[in-house]
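So that you can tell them apart, the chains are marked A, B, C and D in the order they are listed, and the count of residues begins at 1 in each.
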Amino acid sequence: MCGVFGIFGHPEAANMAYLGLHALQHRGQEACGIVSTDGERLYSHRAMGRVQAAFDPQALTSLHGDRAIGHVRYSTAGGSHLKNAQPIGVDWARGSLAVAHNGNLTNFEALRDRLEARGSIFQTVADTESVLHLIALSQVEDPEGRIADALGQLEGAYSILFLDERRLIAARDPLGIRPLCLGIIEHDDRTGYVIASEPTAFDLIGARLVRDVLPGELIIIDEGGMRSSFPFRRAERKMCLFEYVYFARPDSILEGANVYEVRKALGRRLAVEQPLPPGEGEAVVVPVPDSGVPAAIGFAGQSGLPFEMGLIRSHYVGRTFIEPQQSIRHFGVRLKLNPNRAAIEGKRVIVVDDSIVRGTTSRKIVKMIRDAGAREVHVRISSPPTRWPCYYGIDTPTRAELIASTHDLQEISQYLTADSVGYLSLEGLVNGVRSVEAPARVGTPGGSTPPGPDSYCHACFSGSYPVPFTPSSPPRHLRMLP
Amino acid sequence: MCGVFGIFGHPEAANMAYLGLHALQHRGQEACGIVSTDGERLYSHRAMGRVQAAFDPQALTSLHGDRAIGHVRYSTAGGSHLKNAQPIGVDWARGSLAVAHNGNLTNFEALRDRLEARGSIFQTVADTESVLHLIALSQVEDPEGRIADALGQLEGAYSILFLDERRLIAARDPLGIRPLCLGIIEHDDRTGYVIASEPTAFDLIGARLVRDVLPGELIIIDEGGMRSSFPFRRAERKMCLFEYVYFARPDSILEGANVYEVRKALGRRLAVEQPLPPGEGEAVVVPVPDSGVPAAIGFAGQSGLPFEMGLIRSHYVGRTFIEPQQSIRHFGVRLKLNPNRAAIEGKRVIVVDDSIVRGTTSRKIVKMIRDAGAREVHVRISSPPTRWPCYYGIDTPTRAELIASTHDLQEISQYLTADSVGYLSLEGLVNGVRSVEAPARVGTPGGSTPPGPDSYCHACFSGSYPVPFTPSSPPRHLRMLP
Amino acid sequence: MCGVFGIFGHPEAANMAYLGLHALQHRGQEACGIVSTDGERLYSHRAMGRVQAAFDPQALTSLHGDRAIGHVRYSTAGGSHLKNAQPIGVDWARGSLAVAHNGNLTNFEALRDRLEARGSIFQTVADTESVLHLIALSQVEDPEGRIADALGQLEGAYSILFLDERRLIAARDPLGIRPLCLGIIEHDDRTGYVIASEPTAFDLIGARLVRDVLPGELIIIDEGGMRSSFPFRRAERKMCLFEYVYFARPDSILEGANVYEVRKALGRRLAVEQPLPPGEGEAVVVPVPDSGVPAAIGFAGQSGLPFEMGLIRSHYVGRTFIEPQQSIRHFGVRLKLNPNRAAIEGKRVIVVDDSIVRGTTSRKIVKMIRDAGAREVHVRISSPPTRWPCYYGIDTPTRAELIASTHDLQEISQYLTADSVGYLSLEGLVNGVRSVEAPARVGTPGGSTPPGPDSYCHACFSGSYPVPFTPSSPPRHLRMLP
Amino acid sequence: MCGVFGIFGHPEAANMAYLGLHALQHRGQEACGIVSTDGERLYSHRAMGRVQAAFDPQALTSLHGDRAIGHVRYSTAGGSHLKNAQPIGVDWARGSLAVAHNGNLTNFEALRDRLEARGSIFQTVADTESVLHLIALSQVEDPEGRIADALGQLEGAYSILFLDERRLIAARDPLGIRPLCLGIIEHDDRTGYVIASEPTAFDLIGARLVRDVLPGELIIIDEGGMRSSFPFRRAERKMCLFEYVYFARPDSILEGANVYEVRKALGRRLAVEQPLPPGEGEAVVVPVPDSGVPAAIGFAGQSGLPFEMGLIRSHYVGRTFIEPQQSIRHFGVRLKLNPNRAAIEGKRVIVVDDSIVRGTTSRKIVKMIRDAGAREVHVRISSPPTRWPCYYGIDTPTRAELIASTHDLQEISQYLTADSVGYLSLEGLVNGVRSVEAPARVGTPGGSTPPGPDSYCHACFSGSYPVPFTPSSPPRHLRMLP
């Protein structure tokens, strides 16, 4: 997963990009970068690590111009190296061009084979760079047509930004798997445009959300204003459900729906579908902070059970190199979370989390809560079992590592040492999202018809991949490292 | 404010100290350090910044021995420089000695004048170093008596640890203003001792809280075991209320009371004392995360109003050098908090926080919530107005900067642009703390009698300082910088 | 100017490359890098700065395999950025390929226009990257033929190394402008190959110089051994004289000639051509250390005048940010050199240096020597006046900045405030080099005929460029920065 | 060995101190620091490593005032840690005081025992800090008398600077073992004072050497000017011979004598005392650069044999972490020196160096020269055998490690694998130094009588220590680490 940000027509474009990326930091902490332009040249700064450490005033000052795009990168298969940081910028026959990409191309190996056979050389992680090759090799004369031509050859998920000396270009794949939002920013008498993976980036810089970029939409912004077109094959929207469940910030609004409200709604449905079984003793609803908090609030509200911060999250978590020789109980998870004994001792604890991936952390949390004196521990998950890997940009493990792919519910419960485990149903998830999204979208562009039950990608839960793809073929890695 | 940690009798003493300090990181992020001993020499490592960055495996490996003390330092008047990091270690006639100190000595200038007149030279921030001089100059022969002799000359608040080649020594001032806890840690067949500012440090390393170090208690741990004595003048306990209100971690247990439970109790009292005034429209209780969360849960439970995360806290806050030329609304506070519009729009919002210091941040939060569409904004504070500076170790501003010192309630409300502001009464605070502390302490050492209303220091709220002190005298800074 | 190093068939290939680059550090301090291969993949590490700082044990450990190439980069027009560090490595249709290049292509802009028109995209400084595009686009099937095909399209100076999964390939341009040497390294029972810009790199790692790579020679080393071919148009050798005069290390052997011996020979000729004019008082020959030392020894030996270290070089020179407000006499040059008053006071000082570029430093040295009490200061230069820029890889200033290009001898003498200035003649330089090179090359491969007076590039002295080139055309910079 | 620098009365005092320390960098590279004052407070900056890396513009800007002292520290027994960097600054009863010390106190353990018994605590390496304690504890009222009182209790070698709010104070021990020089610096209409370990520090900043600080002299500089006194017991000067032989920079003038001239004179005497034995073949004199160069020039001039740079020194030497598994011949020494084969092949090589300590490096050099084809290798050393450790500030190994302490001349020659080894006699060394020093000192302050043969400390050669000292007593280390 990654985050992208673009701005056109603001005198402090690089500063705004820096802040916008800061607000998107949760989408990737491995590397980041900004490319700006003053209409003459493109200026680039990329670095490993978080935005605050990667940029200093000198770096921002060197990013001239009133237009910029930026990127935060999540650690993925391409390897942790500056060369793979984005935006990638190149020189080609028409000038310079930079690209920032969120998503994953499922046909990149075929593209790459074709490009290499034509004589292209690859210097970075393949899928994003291949877009640049396709543009440079396109036979279409019209510059904007070249980009449409190149994007038309892509398969998979992408929300992508381009910057050249004259234009900021944004595109979202026809299925709209990854989010992308459009806003405006006022400065003096001038109105500029902003584009970001999530509108939380707009809040920080005082910009205003206008609408989502639509699936299959190509937006071109230049001195003449903004133009929108839909040059690709039409397809039904397949917005990623996992963005709602976990990835997006709770204060974001995606496809008209407030993520926090969605998560509360999922928690309420979860309380209906998977209530606390009958038993004796006081019960409390405890979120796994911070991602489980909204669903826990929903669960508590629906069930009438009290909401308690039974797990305290440390603000100072980071990597630690300490591996004490002595076996300290629950050591790893305690670096991040500590049970709040007074809130859970002697009680029936309903632990609410958004998902279970490998199950190892959940198992440690259950044990830690039980050791802190809980009478019972019931795990409730505000999404269905995660059984399939994502090929559209979320860095999930292989099937063999997904506990729900290899274990049934009872086995999972045993593994977690929980008294019970309950997942939200896929139907519950889809309808929970729809229940928030549908009313919000009435009257919005492209949203006159509320989203149907097939408007979502739920491949990680169902194995039903919206883009034809053979998931068993091993990805071909770059041979040149790094 | 600072945090201290000590351990005696564990083969990985330095590693445990590292983890213990990590768990106390909220008590100070400016600098940190560990001194260990193998019985022959003392080994020291100190550095600026947080524990995770300050120590690497090589540094920890160099800290030999099965005993150690550590310190995390909050930025205070002494200046941000490595020389002021603790523990301070010196050589004197009897060998080596290191000290880690949490608190503040109110007679340090008089002590220093006396010591310098005797020929002592000062190399660091005065108050902690002066303790070492007093020990070195003491005429008492018995080593433990020397320490009691030196500590007996101190006035103010201290929870202090010493380490020499043979002993770990802990002391808490007779008023018990700052917390200090004693625990044990098992390893193989051996039982070691741990001492820390808060028992949350014990949880991470698998140690067990035994009890608080008592006010005026001197604890000496050596190969022969642990000895306790009370060599100082007796006095009534004056535990700092602000530790309960804000400073301590919610999962800590201080004086028998769970801090989270205390804060919820304060929120419930606050709901009774300062309820939402009558009005129209839906109301929600919104905490200022994370410190306002427990009180908001208590307030919501007591009032029957819904609890909502109406402010989303960024996990990636740090210092930013960006000062956009353009005036972005609520820029500074938004780096840390963003309003969650869906949860507050059109509603009567009760914002719950633990305290108001200068009022500038609260004002920004109120405005930001109102801009996000709140119908009304009511500020509720789970402690009384902060009107007086702390001279016992918490780094508060001068009276002139404390908004409650210079403005009455109505003026504060106007300044914050709130529809109403309500503070908890001092009586409510004291009784709220007592209501949790009293039952918990029944039967504990020194706790057979529950704490009375005079068992607390509330100088920052009441101006009633338990230690005689002339707050107007300007502190004398070190002349040698840094 | 840059330095290259390659090794094939040594179990510690990356370590050897690290050491080889360390020995070539004088050829470039801006950036460096190594690419290695184990026959499966290529592994790369590049960094800004010197070799010792750029590599740590972890970096070297990650460079697997028994083959490697490396590069040290001099600061040139491409700009100081990691992206421009070499070796550059890419993936293409046949696998991976890395390149390290010393020299400069005079037709790179034409090459680049042609490549971009075909759809190539450029990510780095153009001239080296263009070689990779040419190889990828070549229609020749045979892999080695592709490289010859690509190199055949280059004009200018290059000593270049390639590494792919199977081969180490070395080539030197048909004119042999830049040096390149071939050696062997024994390890256990195995013999490996090494290639380097100068054989001083072999000494450090215990390898043995075999011979120079010949002008126009293409050497391919793989598991089957070494093959040599001459696929390019034949041309007379045009070895760079400035390598002998200044650039190479004195202990290197280039084209059979020991550089130290060459420089002494130039000093002897200089003493004959430009002797000290008659005058009164004791005379001493003082080198500008370290580059002027051998010529000064030769001058002193020929003239019978004493050799003295009248200028002391600091070992701790580096960049300083200090610009004292006060005008300190000779401040800048004194950071590097200090006059040794006792050796020059009251004497006629003959200052021997290898060349004068802008003249500003020489002027400071002359003044400093005179201020230290010299009776007269006579400047003697062991090469002709530097009047023309180099287009073959040495980073010289424009004509306007070269003092000898805009001033005659008398004006130079006045500018330097010297009593006299004497340069070696071009004939003297050529014959001085030949006098050492010729006997050494008898019987060596390709060296049966001794070098003639036309075997050298002396464009910087004569303006006679061996490769057709219009020096006035401004270079086209990368538009994408950096 | 260390270096000190002081300045009084210059508006850029910290900048000048920075440059002065840069010029003294050869006297210590482990750590450095500057303390300045504006008459109100003292400002300090200390750091590990070299001057250029340790100070940045921000650090220098923070060092206010027109007076400063600085220090460069050589790695010695105290351990490599910032706490041991100098100047050390403290607060005491009379204000602040900083000290920078070059030398070593032979009675520091007795001093320390006495001070600790009185109640002093030590935070740093003992010998320098003890001076501050002695000052703080002195019963003398007069501030300058206190310093004389304290210094009068010291034994050993010291050239020491103090800075307080009002004064710069310099002192040199009664034997004058370590050098210390006084100069003046003009700025606008004002004349300031400078003091440094060597006058080479004056050259860089445009100051002028006035004279050496005399043995036993105490110099006090304040707004009223400079005062000189001799408050200590008188004694014959015992200037360290090793400063002339190796430690000082060749362009320095110590006790009136130019170090370069001294070294040439030693080389000439060496040629007389230890000529090349008869034999066949061409002979060359080769220095071990850079320290052996002047003596080699003297040897070559006296013997009539040619001087050649047969060993090339790398400019890029530093620590390397590489330990190739393969045994590379002469690897370690080659990182610093490479034989210049052409200059030595087939010849009788006379290698001239200043001293032999352990012999390991000399052995490698001899072998490397022989492997490069030398017919014979004759080692000539411009000082007597180093047989005794220095207790006055030079960091020499123990007797057991000094090859000349445990081996006779024939054994040394065998160990080095040299054809012959010849040392200069002690008489030759003393008279060589006197031959340059005596004429230079005629008419200088305190120098009307030329130095006699007993005016030098030659303890490292003779074992005759000028200060009573029991060298076998093991030094007591700090117990508190670091």
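Operating definition for what follows: a contact is a pair of C-beta atoms (placed from the backbone, for glycine too) under 8 Å apart; a residue touches a chain by one contact, two chains touch by 3 or more.
Quick caveat: nothing in here was measured; it's all calculated off a predicted structure.
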| item | value |
| --- | --- |
| Greatest separation from subunit C - chain, by CA centre | B |
| Interface composition of copies subunit C and subunit D: same or different, split at half | same |
| Euclidean distance of C-alpha centroids - subunit A vs subunit C, Å | 50 |
| Separation of mean Cα positions, subunit B and subunit A [Å, integer] | 37 |
| CA centroid of subunit A to CA centroid of subunit D, Å | 63 |
| Of all residues in subunit B, the ones touching two or more other chains | none |
| Touching pairs among all chains present in the structure | A-B, A-C, B-D, C-D |
| Parts of subunit B lying in touch with subunit A, wherever the complex brings them together | 11-12, 15-16, 18-19, 22-23, 25-26, 29, 50-52, 56-57, 60, 187, 200, 203-206, 249-251, 253, 258, 260-261, 290, 293-294, 297, 301, 306-309, 312-316, 318-322, 324-326, 328-329, 331, 334-335, 338-343 |
| Contact set on subunit B toward subunit D in their complex | 40-44, 82, 88-93, 95-98, 116-124, 132-133, 136-137, 165, 478-482 |
